[in-house]
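Order of writing sets the labels: A, B and C. Residues in every chain begin at 1.
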Amino acid sequence: MNSFTSVTDVVNPRALVESALQIKKLPYAYATLGTNKTIGLFFFNSSLRTRISTQKAAMNLGMNSIVMNVGAEGWMLEFADGAVMNGSAVEHVKDAAAVMSLYCDVIAVRSFPTLTNKTEDYQELVLSQFVTYATVPVVSMESATRHPLQSLADVMTMKESQRSSHPSQRTSQPKVVLTWAPHIKALPQAVANSFAEWTLALKYDLTITHPEGYELNTDFTEGATIEHDQHKALEGADFVYVKNWSAYTDYGAVLTTDPSWMLDEQKLQHATNARIMHCLPVRRNVELSDELIDGPRSLIYTQAENRVYAAQAVLKEILESS
Amino acid sequence: MNSFTSVTDVVNPRALVESALQIKKLPYAYATLGTNKTIGLFFFNSSLRTRISTQKAAMNLGMNSIVMNVGAEGWMLEFADGAVMNGSAVEHVKDAAAVMSLYCDVIAVRSFPTLTNKTEDYQELVLSQFVTYATVPVVSMESATRHPLQSLADVMTMKESQRSSHPSQRTSQPKVVLTWAPHIKALPQAVANSFAEWTLALKYDLTITHPEGYELNTDFTEGATIEHDQHKALEGADFVYVKNWSAYTDYGAVLTTDPSWMLDEQKLQHATNARIMHCLPVRRNVELSDELIDGPRSLIYTQAENRVYAAQAVLKEILESS
Amino acid sequence: MNSFTSVTDVVNPRALVESALQIKKLPYAYATLGTNKTIGLFFFNSSLRTRISTQKAAMNLGMNSIVMNVGAEGWMLEFADGAVMNGSAVEHVKDAAAVMSLYCDVIAVRSFPTLTNKTEDYQELVLSQFVTYATVPVVSMESATRHPLQSLADVMTMKESQRSSHPSQRTSQPKVVLTWAPHIKALPQAVANSFAEWTLALKYDLTITHPEGYELNTDFTEGATIEHDQHKALEGADFVYVKNWSAYTDYGAVLTTDPSWMLDEQKLQHATNARIMHCLPVRRNVELSDELIDGPRSLIYTQAENRVYAAQAVLKEILESS
């Protein structure tokens, strides 16, 4: 693997999931693989889990990590080729990415969408330019349209849950439901897009449910069942992924905050074995109820924990390829 | 020791002081105790000494450290149980603390008081919730009402000073004076509370002097002599701790900035052996005079230096207990 | 070497350049020299290359590094001796520098000029006070009037380029040209001053070209040829350093943004062998053309890369002296 920006960068996603599960058992088994290697973590946006879990993954592999909050500590970047740079941008991404590549063996970038410029966001303006101009592998720590480190941890969590569950509850083909949840702010589609992309690539049976108008970009959802009736979608679910996103068609809009879409225990009466997932941070009692987050169905903290091992599996594969 | 938030968390405060003094002599004696252990340093407020000394203490023990400025790099937290989170808070402390516990072996938190909501501050809203929801030990890097890492370094500094002083100047029971000092801003009571709490727990003879209206919460000062006449309080002092704080009764108020409360050499004419202490940062020539800070009575830089070893003693005890 | 703030701090600049070139070949040859040593990187201003390259240099030597954005994470400093600190400054540089010296074995400081107070800037108010009050070596990561880590990397890059060039293109005394370039903002004179100071100290043949009114402080340029005709200056150049700076005489002024001063390929028709240098970040197609930055004449990324080894040579010499 060179760069890690979407599931399509991964030669064998199943093997990567297995590698992450293996690393979870022995996190320090490759503690010298990254000796004298440096990862640069560049944040255009704020981060908690991704920042800490990726830094920890690097540490577990013996890598040095350098963290920069690009906005606060650095400078504004220019992305247009051939630009006459007499505006507010201080440095061209060409130069920034090239120079970071001289100092770092892996570059990790977080850059959220504008949610106003759909074309720019879905072309992945920032990330794609880093990939173009960096001369070292680039890892997405969430880009405008995807969050692959999250999705890898999510898939790993489902696999782990299935293996640890009682044989009577294991299904060869678990039903996975991605349900839209209310939120007061306009959030990116990245986590939802990416979860769909990864589960479908791994041949999960995926149902997506959301109010009308919240259709995701079909590039990501091809093969999924779209069901606007949330109750029907949840029936017999094995895994329920709860996530808000803003509209893709009416780009960036919050079309509704209808509280009847909030997930609670009552809604899972026809999904006895359903386990609940969420990428965090979660708006409690808005997206889903306290009782679910804090109850036995929740896999939410396990997902967070698995972020370390997912990142570690990715970095390990990158280090071994280079 | 599990968490370290006040002197009452410490089984044997005297032994902890001795441990810190011992570590100062051989700072790298436990350089592998923290191998593959991570401390997360979470700052809700700015910090110089605490940030660097705690990070250095962790390094000296071989721990990895991850630093986050929660406000600037992260998100706003919700503290109310059962909250419907449709406001500005992005994540519940329940989830933040639980997730940090997955990534870190020790969580260190700095969180200042509001100085407007006395009840919330004195209930230690932020710190106590971290202690409740974290599943790993929590270390206070100054909370709303206490600064125990500072106090441990302070007590250690007094002990060290006594031992290194000429036998003729040693007293079996030194007189410790905590004197209020003028300041233009409303500062927390934390350092003063904590210094009183620690010195009293260690059976020092403590006198507190301040203008009327600056009485500290008696929970911290039970056993101390309160003397409103500063000159009288300073008579025969062995250690004089200079510190400003805002009013506790008229909560957060700056009742006076009367410059006659500033400490200078002239005021110590009846305290020949008095050594001067301050936690820094200090407002020179407002709280105390240049001549005292830069003169032979000062223990101020030693206090700062001892912050490393105090933190190291705490982390060492936590690592050994876990 | 104790502190590193200008070329005059270096006993043998040529030997330091050779040391940096040597380290580039074997960057991990001294990987334990800095064991249990800490460098504190204190930023009063934003930084990309300097931050990362200095941190990496420290890592390569096995040092711990602590990074602080003084403005954002810390406090405002007082610089006036004897000040009554009842204003906005929270801590005196005396105390801050003394305390940092307790925690760090080397202190590195970045502090830009005001560009409004010429006297204060050219007295190096901030850096000189750190040097005065720190009790450990101080390294400039760019001060009001100089950027010696950049200049060392620049000189190293020229030396390396000469050695790797075809014998027919080597000259015993290469012609070095420093050319002013347009920019929309008022930039410090530090890089230009420092480049002049270092090349002249190392006996390079230096020509400086700029529009009238952009004369640098002659303390830095004594021995250089000043030529206001850019075309004439560039004739036969071996190295062309492109850099904007604001006026020194009419202090901090942007006197012109005349685009005819931008460097492009056409201007180098009488400088067949000229290699192009710039310290980055660069305003493309304002300071110099894309074709030059991205073309075969460019040494710009090599300069950036060499920043690591220049910093490493400086830290190595400091560690070995202490």
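Going forward, contacts are C-beta pairs under 8 Å (C-beta built on N, C-alpha and C of every residue); 3 or more make two chains touch, one makes a residue touch a chain.
All values derive from a computational prediction rather than experimental measurement.
Residues touching across the subunit B-subunit C interface largely differ between the two copies, under half of the numbers being common to both.
Chains compared, subunit A against subunit B: the Cα-based superposition rotates one onto the other by 120 degrees, nearest 5. The distance from the centre of subunit B to the centre of subunit C, each centre being the mean of the chain's C-alpha atoms, comes to 40 Å.
In subunit C, the residues touching two or more other chains are 72. Contacts from subunit C toward subunit A in the complex involve residues 27-28, 31, 43, 46-49, 51-53, 55-56, 59-60, 69, 72, 184, 257, 280-286, 290, 293-294, 300-301, 304-305, 308.
Those residues of subunit B whose C-beta lies close enough to touch subunit A in the complex are 36, 38, 40, 64, 66, 68, 72-75, 78, 82-86, 90-92, 94-96, 98-100, 102-104.
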